[in-house]
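Please read the structure below before turning to the comments.
Chain naming follows the written order as A, B, C and D, and within any one chain the residues start at number 1.
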Amino acid sequence: MGNYKTLKEEVYEANMQLPRLGLVLYSFGNASAVDRNKGVFGIKPSGVPYAELRPEDVVICDFNGKPIDGNRRPSSDTKTHAVLYKEYDAIGGVVHTHSTYATAWAQALKDIPVFGTTHADYLITDIPCALPMKDDYIQGDYEHMTGYQIFDCLKERKLDYKEVQMILVGSHGPFTWGTTVGKAVYHSAVCEEVAKMAYLTLQINPDALPLKDTLKRKHFDRKHGKDAYYGQGCR
Amino acid sequence: MGNYKTLKEEVYEANMQLPRLGLVLYSFGNASAVDRNKGVFGIKPSGVPYAELRPEDVVICDFNGKPIDGNRRPSSDTKTHAVLYKEYDAIGGVVHTHSTYATAWAQALKDIPVFGTTHADYLITDIPCALPMKDDYIQGDYEHMTGYQIFDCLKERKLDYKEVQMILVGSHGPFTWGTTVGKAVYHSAVCEEVAKMAYLTLQINPDALPLKDTLKRKHFDRKHGKDAYYGQGCR
Amino acid sequence: MGNYKTLKEEVYEANMQLPRLGLVLYSFGNASAVDRNKGVFGIKPSGVPYAELRPEDVVICDFNGKPIDGNRRPSSDTKTHAVLYKEYDAIGGVVHTHSTYATAWAQALKDIPVFGTTHADYLITDIPCALPMKDDYIQGDYEHMTGYQIFDCLKERKLDYKEVQMILVGSHGPFTWGTTVGKAVYHSAVCEEVAKMAYLTLQINPDALPLKDTLKRKHFDRKHGKDAYYGQGCR
Amino acid sequence: MGNYKTLKEEVYEANMQLPRLGLVLYSFGNASAVDRNKGVFGIKPSGVPYAELRPEDVVICDFNGKPIDGNRRPSSDTKTHAVLYKEYDAIGGVVHTHSTYATAWAQALKDIPVFGTTHADYLITDIPCALPMKDDYIQGDYEHMTGYQIFDCLKERKLDYKEVQMILVGSHGPFTWGTTVGKAVYHSAVCEEVAKMAYLTLQINPDALPLKDTLKRKHFDRKHGKDAYYGQGCR
């Protein structure tokens, strides 16, 4: 696997977690990881079932989404990943799935409200739903523009990509990221669980109110604040 | 298994995927595959549990649904499969299940609206629900007429069976097809997942709008259009 | 296991299917089978987790629910099973579970309407919900009276226990039966699946109509009528 | 593992049951068990995935939640457990999860009504939802005050912690307890199943009524009353 052996194995492992976590059916998803020193990222090949995927199938691309190593065609969503790596310096991995509940919220074109501490343990705002882009963008360089659909949504809402690490692409499905691809996978699983809980909350109480600010702050800070006391101190 | 060994094994393998994909309970489903050269198709025997099914149990039938090889009685839905093979030249396999969410839509007598790109990756129209047939057809050659219930529904809506490869038989459940039985199974799994997502979308937002046309077209074409760039180029 | 070895093994196997089918949590369910020649039935011991259950733990009781063989205390629902064996000559097995969707209908005190052919393949009426009994019956010989709650419900509705082999005990959960305990287990799984589909049908279309009579009749008769053509002819 | 080997193993085993029962995603939960003679309890370390947890990772704490043995940082919810052990003499174990349906009820800020006998087999009142505490408590010694949020809720409603062994912490999720940690785990699984059934009951019948008093009493007493006849007499 030449120069990219470690990166390909990391991308392979991350992709293989997606079906195990129940986040993908067939090939409906893709994970990528970046090597900032080399200025490349590795991504799942397009349309290859997880059961047949091997580390050597991972495609290495530059930040324009152009393949530079590997025998396969990269994921059709490659340019979206490329934009995120280019615009967001601090991220190490990106994951896209069509996980059932998060996708339903994306199809409903609704942000996922913060109803509880499970959500606030990860972010203190709603999970934003980026509305579909204009027709000429869709008809143009679609996957590239999907990257900017995400970028523009966070920017307009004045959200920091280091704090909000998951988003719904309207009518499509969730994208998540993290400092490593492992954390991006983790955020995909959290996003799906939070999406399911929020759906059920509204079914039980259509007038459910958002979590109060003090609880949002408390839960986020105990995991991610400067005096965080969750975990073993090495997150 | 005589002249039909390969066909029987293909049908056996396809049927065995149905319980693994969570699409059938007990014997609630059947898959068939055609051999166009010999003018026959193989289908699951009626009422045999998947755990006991063997390749040699597959029944070979002609395009009138008449068994011509095998020791078992074929699926009670055999004549429906026969009509589809007779009317639709290009299909290689047919699958029928009572998968939970797709069946619920069929029972609700509702088409499944295109709410997102997961759906548009496969078809750009609603998944049609063919309304129940007239009483004298039900009391007559029921399973044969079910084939024409499907055929007539597509015809009336001016839909092409090569583009719309899944349908709901009203009050009953989904039928899917494809150029191979493997693809027909795949479409059954996609139909169930799309049915679940559409159900959840309407629960979250009862006023959810259909996917915009440009997104429908983009997603369908990137997988199935003449310049498709999804997959490894051999779909 | 003395005189009842075969019966105990049959009851053991049937009980062990319940967790595998996802119909019970912990010890929330029980299956029994009858030996009409000996005038006894075997039933699961009370409160024993499935993981620890052994064939020799099965308790043999007479038709008054009195234990006559075995070292364990029988299921707390034993007298309900006893009433069903006494009143319904043709049944060979009885199963009670708290399976999630069927129990939700029982708690909602609603019959499960016939919305589709999956239901009509087994019975052509709604799955009846027997309303809770009078307070003095509850405070009296409760489990014995639960048997008569079932018996009276079918009688009042003029339903034949040979055609309607599943019922919801209101506020409690489903009971099913069959000519063998294997068929009673099968009916419990069908009841749960039909309950889930009917729930989803009403969520998708609150005005969903019952299945038309011709379809009810057609599907029931092709499996159970005198000219049935479903299965391999030995049901 | 020094003086606490047995306690650590008991806590380890209880924690490992949570993912097997489908009650936790990643590290979203914690189980603890007490040794009353030594005046300590063992609890899961904070943020450690279940797949990596080992018995020696369990942290031993005093009743103020202060770690006194072990190399890991204890669960961030440790002080909540500590309060429950201090205030409730008769409990041997405490479990906290973010199980999906119970958490949805907590997020909806609704008590779970007693709709059926599955619920009444364990408690005859609604499962209480303790409303979120005042802002200064949240900003102060939050996890300690969460213990008193639970304690005060039971006290205000005049509920006995020996009869009501499960509660929803509003906007957060369920806490359960029992005479042993094994029973606390069991109550977490029951709470989740009862939460799911109650949710479905209200979806099927928004006007569903609570279980009648005689049925509540009958079911609770046959399992827990002085003349209980459920189980093998050694609960």
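Some notes on this structure:
The criterion applied here is as follows: a residue touches a chain if its C-beta (ideal position, glycine included) is under 8 Å from a C-beta of that chain, and two chains touch if they have at least 3 such contacts.
Chain by chain, the UniProt names read as follows: A, B, C, D = L-ribulose-5-phosphate 4-epimerase.
None of the values given here were measured: they were computed from a predicted structure.
At the chain A-chain B interface, residue numbers used by both copies make up under half of all numbers present, so the two copies contact each other through mostly different positions.
Superposition of chain B on chain C using C-alpha atoms only gives a rotation of 90 degrees, nearest 5. Relative to the C-alpha centre of chain A, the farthest chain centre belongs to C.
In this assembly, the C-alpha centroid of chain A lies 33 Å from the C-alpha centroid of chain D.
Centre-to-centre separation of chain A and chain C, using mean CA positions: 46 Å.
Annotation for chain D: residues touching 2 or more other chains are 203. Taken together, the touching pairs link the chains into one ring where each has two partners. Interchain contacts (touch definition given at top) occur between A-B, A-D, B-C, C-D.
The touching residues of chain B, counted against chain A in their complex, run 115-118, 186, 189-190, 193, 196-198, 200-201, 203-205, 208-209, 211-212, 214-215, 218, 222, 229-233, 235. Remark: chain D residues 25-26, 28, 45-48, 72-73, 76, 98, 100-101, 103-110, 132, 135, 138-139, 142, 171-173, 199, 202-203 touch chain A in the complex.
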